[in-house]
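Next up: the structures, one after another.
After this come two complexes, each holding chain A, first together with chain B and then together with chain C.
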Partner chain A sequence: MDQTSRMINGAEAMATAFILAGVRIAYTFPITPQSEVMDYFAEQSGFTCINADSEYNVLAGAEGVLWSGQRCAVATASQGLILMSELMWEVSGNRLPLVMGVFNRGLKGPGWCLGSQHNDSLFMRDTGWLQFYCESAQEILDMVLIGFRLAERIQLPVMIAGDGFYLSHEREEVLVPSAAQAETFVGKRDASDMPLSRPPASYGGLVPPQKYYALFRQMHRDVEGSLEVFQEVSAEFEATFGRRYDPVEEADCDGADIVLISAGTISGTIRKALADAGNSGHKVGFLKLRAFRPFPLRQLRRAMLKGKKVAVLDRSLALGVGGIFGSELRTVFTNQPESRPLFSFVAGLGGLDVTPGMVTQLIDYVARTDSPPEGALFLTEAGIEE
Partner chain B sequence: MDAALQRLKIGPFAEDLFHPGHNACPGCGSTTALRMVLNACGRKCVFVVPASCASLYFCPSDTSAASVPVIHTVFAGAFAEAEGIAYGLRAQGREENVVVWAGDGACYDMGFSGLSGAAVRDADILVVCNDNEGYQNTGGHQSSATPQDALMQNGYNPDDLVGSSRRKDLAEIMASHGVPYVATASAAYPEDLSAKVTKAMHMKGFRFILLLTPCVTWGYESRVSVKLARLAVETGYFPLYEVDAGVRYRITHEPERRPFEEFAQLQKRLRRADLRIAKREIVQKWEDLRFKASRYPEQFHLRAVAG
Partner chain C sequence: MSDEILTPEEILSRRFVSSANSVQIVTGFQRYERPVYDHDAKFAPCRAGCPTGHDIATALFLLSQGRPELAHEVFRADSPFPAVTGRVCYHPCESVCNRGSHDQPLAINALERALAEYGPLAPEAPAPIQSDKTVGVIGAGPAGIACAYHVRRLGYAVTVYEANELPGGVLQYGIPPYRLPREVLARELTSLRKVGLEFRLGTRIGEHIGFGELRQKHEALFVAVGLGRPRALDVVAGSMDCVDSGVAFLRAVSEGAAKRVSGTIAVIGGGDVAVDAARSARRLGATRVTLCCLESRRDMPAHAEEVEAALREGIEIINGVVPTAVEGGPAKAVVTLARVRNVGRRPDGSMKWSLSSGTLEPLPAARVLCCLGQEPDCQFLPAECWENGRVAVDAFGQTRLPGVFAGGDLVGLYNVVNALGSAKRAVVGIDSYLRGADSGQALPSIRLGDQGAFSMEAYRQWRAGAENLPSATEQVEVADINLDYFPKAPRPHLPRLHESQQDGSFSEVNLTLVEMQALAEAKRCFHCGLCNMCGNCLVFCPDSSVLPRDDWGFDIDLDHCKGCGVCVEECPRDAMSMVPEHEVRDDGSDQPHD
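Moving on, here comes the complex of A and B:
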């Protein structure tokens, strides 16, 4: 394949992907650790950067560009994303196929925070936006390209998320497709008749409850249905570029003592810890959750049942409940004849480093504990606490 | 009169872009004005409507009262959204005008950052602020367009209400952005309104029209709606003027300077207001306006003004 190897960080990989996808307009607003993405857009010639007055109006503006039938680039993080909340519902409700890049960063709760935490993107869990979590700059680039195909097929917006700093600022080798290859794969957005000038077209007005209900139900079905579409598009991507992206990535789960589940950059740490442990320790399988919406329920269940115990490692916290992936993954066994004990761990909040040593600690804890506690387990370098 | 009607594109055989079937209140001051605005805008435009009365009356369920596409959106996002539409259309070489029909709540309050931002970026849009001096589709709540001491749903006792008094002068704020065009207009002066919209439609960049429309929640009989809109102008309370490029002021209608009481006494909301304050503001406003209008002669040429 005619792809160029480059040493770039995740921010540049993300911006490059938008440009490869044929986008020529971006709505931008600076926020750490996303600002490098907009800086990259600003350097491009023949590319319109509109510096809005807030992230709220970044999303409003991008929505407008999509209404006109064009594509638009948008990237943000943390406060910027949650400031967009109101419009997130509208973009998905209007079935506009926007693709947004997010570099996860902790929210201004107890204090300011610059490090990674998944609460910002997971706050958008129920909006109808499809969400994918990435582990590398390569994955960000590829998933943005896949995201455009998926969004425009299913007419729902797509969010491609990566851990702030770990991905946005670390350079790594990335294979960048040529413009021609990317254009062939992504295709053109066919919406030149938008917004419909044929009277009396109106969008997003007041609808009666029956219709509102039906529209919401349809969105729900389409979010579910997008799993199959994602797999189709992903298969085509693999055939073209040789890289495979499944909703869930599975490694060594057959007959495992523990199936460990995580998402994002922690996945790399887990792989390293498991490789270092070799055959000396317990038999541990690994599931990387890539697609969170659509929620790959059946694939997860099948893989989770291959082991004896399940442990989920979250970089998020639903206050009063526990890790967010953890609490969602509990539903996998609801009303099922078979289930597995599920340990829900929370680690790395605020970008606190999650080390291979901590992963080893986690595995030892799960191996020696028969039944998991009801609530979350907090994992730090110092140990594990309920 | 016939010529005026022809200019306004209304009459039995004229093509109207705003149709019967909207569900605004009887006596609504904004729908007649909207009809003038739509007809002056013509078919080649896209309307964007943030949360307001118009979210309900513009396009009743499954129908539309307008012959142009209408995109309904959230309270504060309409200005950037309209800007985005304009950018997207221009990128395809499309010429449609993008018009925001927003209430005073969206312009003065919640969407103020977006309105100011779109003005600073010289977004290629026309914003018409349907200013009925309050959040009226919730039953009449105070906005920062509400006049001093007006009795609103959320201020039965003005003595106890914090911040009930001051309101901001949005037309001046927008003019101070130095945008290509700012104008005020009233529902009672259709020719003036139509001329301003037509002028704005032939310009590029950010254009803003502050349109005063009486609302029945002011507490008046629906039959006096247009009369109130007229008295607001003739008492000097709401001057009709336009500003090119933020500097060239032109007063488009000389008011009769009728007593302010004539306007105030027709509506219940001002029954406890100290009219002396309003009168003083009127005097100050006109002093300011006369000064600004005298700074540049009629023939003053502004290269900044498009067209």
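Moving on, here comes the complex of A and C:
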């Protein structure tokens, strides 16, 4: 394996991955905690880094690059991402295989927020973009490479998300593939479907309703179908680089008292808490949700049914409903003969630290509570509140 | 998903790709409401308020474009002599003008006169006779002439029987020349003769020709002999040479036979005849003219503009009084006046009142002119035709005698323009009678409002069998006008003969607007409900879906119009409306089409 071990942060891992994927142009706009990605692009020679006047135009510019048959790097966070929201639909609806990096950061609700929270990328839940949540800088690098393969095969845009600061700014050991390995894996972009100037045609103009309906339905089917494609691509990645990326990562779920589900960097905290507890406490299995779109419904159900209770820990909040993963995961049992009590926890909003101690609290609470409350449970160092 | 990558064809099938240009890509299916140019379904309040239904909005638009001759033609479609009505009409149109609620009503009457003066009509050939039936008109006053004019233009031979030596009735023998110069009347009569009106003058019914004979001779008759017998003042002591009727006095004035007068002239009455007599007496040398009338100043039947002109000319008006005695010698009279209250009118038009206490200074006068209204002087119509002292007619002028129609003062519709309106309605009655049709059938297609006005042009089209004639059902109100496009602007100053030139002269007092003034005033018109091709709809349409026609008007490109309604909002004059799509769709379905 011709991979180099480097101590780099997630921002550099992300930028490095884009470059390894053969990208030579980036549309950028600074926003914390993504700006480090932009800095890295700006320092590269033989690379065009175009600073747009807003994230909206970042995406508009990137769209143009894709229409011209090239790959383009785009990364953003928080307000920058939601400023792109109108064009997000256009990119997916026109089936442009853009890959975007997102470092999650809280949105400006009550005030500006820099810390990590998943509401920004989850705001794009229904856009037709595929979404993957990462736990480490290594995962970010690898998922960007997988993302290009996936995007260009299914012709849908892909978003690779990692928690801001926890991943963007913290260094860790990352195995970086060689340029040749990466090029072999990602391949050249086949742009033979891109528009030519003659004969003239309009793309994405006003669609008659029936056609609109049909195209949307097709997009829905392709998002569903992308799960299988992701698994194929990720299997190939594993064969090449030795790291495995399943839509859902499962650990110790068989016969567990509690199946605990989370995504992103909280996964590491959970692993640590479970390892520290060892065999002393309750039997807890862990499910890490990597692919949110496509939604790995069957894999989730299978794994969730292996335990007696299910607990979901979210770093996001759908106001008036609860944690966003939590509310999506409730659908897993809909119309099923078998189901499990599901506890939905919200923690770490605005980048508030989620500690192993909090995970232990959560486990204790679920273990001693027979039926979960209807709404969300708010988990802080101080305790658990409905 | 077994292939390594989607083929370009597979990807293309997942995109919306179109080689059509923006014209080929139809977007009209998004529309739930459709803009329509429905000016045919709308009418301006002035038109409904005009008893003879002049299409004022169209005429003033043409005038504003510097085409007075076309405007003149528009007026002539609905009445015979705009140069006359432009002078003597009391313009009910102006009091309902939408512009009146914005700044000041249009000077429609002055503009009618101006377009008649500045837009002389090309000589008109008589309309071809299209029927072997003929129409006889008895009386060549405004109603008789109007009836004959319209009937002739519908293709009937028509003969007008007139007892006097000259046609015109009140226009010839009543209205003083300072209001209507006789050369103007003569000019209009000449042009009416050219369109085929035939007058039998000096022909009195019952004396020179029998009514029964006329009924034999013509398939239809129109009786408009007016009110020929002045009401007498019943308090005159015996026969006094110095007491005369205002009607007789005005006739002498009109014939140029009136003698100079001197001293005080007392005029009894508050109507237009009284004011005409008073102002004429002033011109003939009276040092003092006193007009005594029952009504308060506000309730005087004389038109307010005439009353004001009389006051300007120094005529004294005593309101709320009645003469209780007229006494004295042959050359001098003394009028005793008493105050009155509870002034009202009986069904036949005569006045009633009760005396009030208090005495007034007696009024010495060299002459007393009685202007107490007139009664019909028409012996030939049988008793069954009469009701409350007037000839009873239906909405189309039909009397109780088959084939005999009537209009004007005789049926109780006073003043010139009402006479024209009654004649016009009788023309529909006559034409329907002669064709064996139901006169009411045309009404929905021609009616303009509920005051009796209708479009003669619409009637001609309806009569010619035109299908789908739009019914004008909606009167444009000021709330329908987009006032942002109409900065406030005053009426023009209406020119008048200088007072120094009026004294003792029967020269016309009101003058014609100068041409530029007339054009400017015509431009002030809202042209309510009339598309004048201002092009706002085209300019504001965000979808370039307003298509100008080659000749006149616009079409909506329904393939691309999304029904946003901006055109209708920006139409200054309510010439457009939004209509729910299911009401105009050919298949009547509720769904917008694809």
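In the analysis below, the second predicted complex is superposed on the first by the 382 of 386 C-alpha atoms of A that agree within 3 Å, B and C clash if a C-alpha of one lies under 4 Å from a C-alpha of the other, contacts with A are read in each partner's own complex, and residues count from 1 in each chain.
The rule is short, and it goes like this: a contact is a pair of C-beta atoms (placed from the backbone, for glycine too) under 8 Å apart; a residue touches a chain by one contact, two chains touch by 3 or more.
Keep in mind it's a predicted model, so treat the numbers as computed, not measured.
Asker: Label the relationship between chain B and chain C on chain A in the superposed model as either fit or clash.
Answerer: clash
Asker: Using the superposition on chain A described above, determine whether A:G383 touches chain B (first), chain C (second), both, or neither.
Answerer: Neither partner.
Asker: Contacts for A:L206 in the overlay, against chain B (first) and chain C (second): which applies, first, second, both or neither?
Answerer: both
Asker: Which touches a greater number of chain A residues, chain B or chain C?
Answerer: Comparing touch counts on chain A for chain B and chain C gives B.
Asker: Does chain B (first) or chain C (second) touch A:L66, or do both, or does neither?
Answerer: A:L66: touches chain B, not chain C.
Asker: Based on the superposed arrangement, let me know which partner A:S192 touches: chain B (first), chain C (second), both, or neither?
Answerer: A:S192: touches chain B and chain C.
Asker: Quick check for you: in the superposed arrangement, does A:Q155 touch first (chain B), second (chain C), both or neither?
Answerer: Only chain C is touched by A:Q155; chain B is not.
Asker: What is the contact status of A:L215 with respect to chain B (first) and chain C (second): first, second, both, or neither?
Answerer: A:L215 sits against chain C, while chain B stays out of touch.
Asker: If you stack the two complexes on chain A, which partner ends up touching A:G357: first (chain B), second (chain C), both, or neither?
Answerer: So A:G357 meets neither chain B nor chain C here.
Asker: Looking at the overlay, does A:G225 come into contact with chain B only (first), chain C only (second), both, or neither?
Answerer: second
Asker: For the combined three-chain arrangement, which segment of chain B clashes with chain C: 7-15, 133-141 or 295-303?
Answerer: Among 7-15, 133-141 or 295-303, the clash with chain C belongs to 133-141.
Asker: Do any residues of chain A touch both chain B and chain C, and if so, which are they?
Answerer: The overlap between the chain B and chain C interfaces on chain A comprises residues 192, 195, 199-208, 211.
Asker: Please give the residue numbers of chain B that touch chain A in the complex, ascending.
Answerer: Within the complex, chain B touches chain A at residues 43, 46, 48, 55-56, 58-74, 76-89, 91-92, 94, 96, 113-114, 116-117, 120-121.
Asker: Taking the touch rule as given, give the residues of chain C at its contact with chain A in the complex, in rising order.
Answerer: Chain C reaches chain A through residues 1, 4-6, 8, 11-21, 25, 27, 29, 594.
Asker: If we count contacts the way the header does, which residues on chain A are in touch with chain C in the complex?
Answerer: 93-95, 152-155, 190, 192-193, 195, 199-212, 215, 218-219, 222, 225, 228-229
Asker: Spell out the part of chain A that touches chain B in their complex, as residue ranges.
Answerer: My answer: residues 24-25, 27, 48, 50-54, 56-70, 72, 86-87, 90, 192, 195-197, 199-208, 211.
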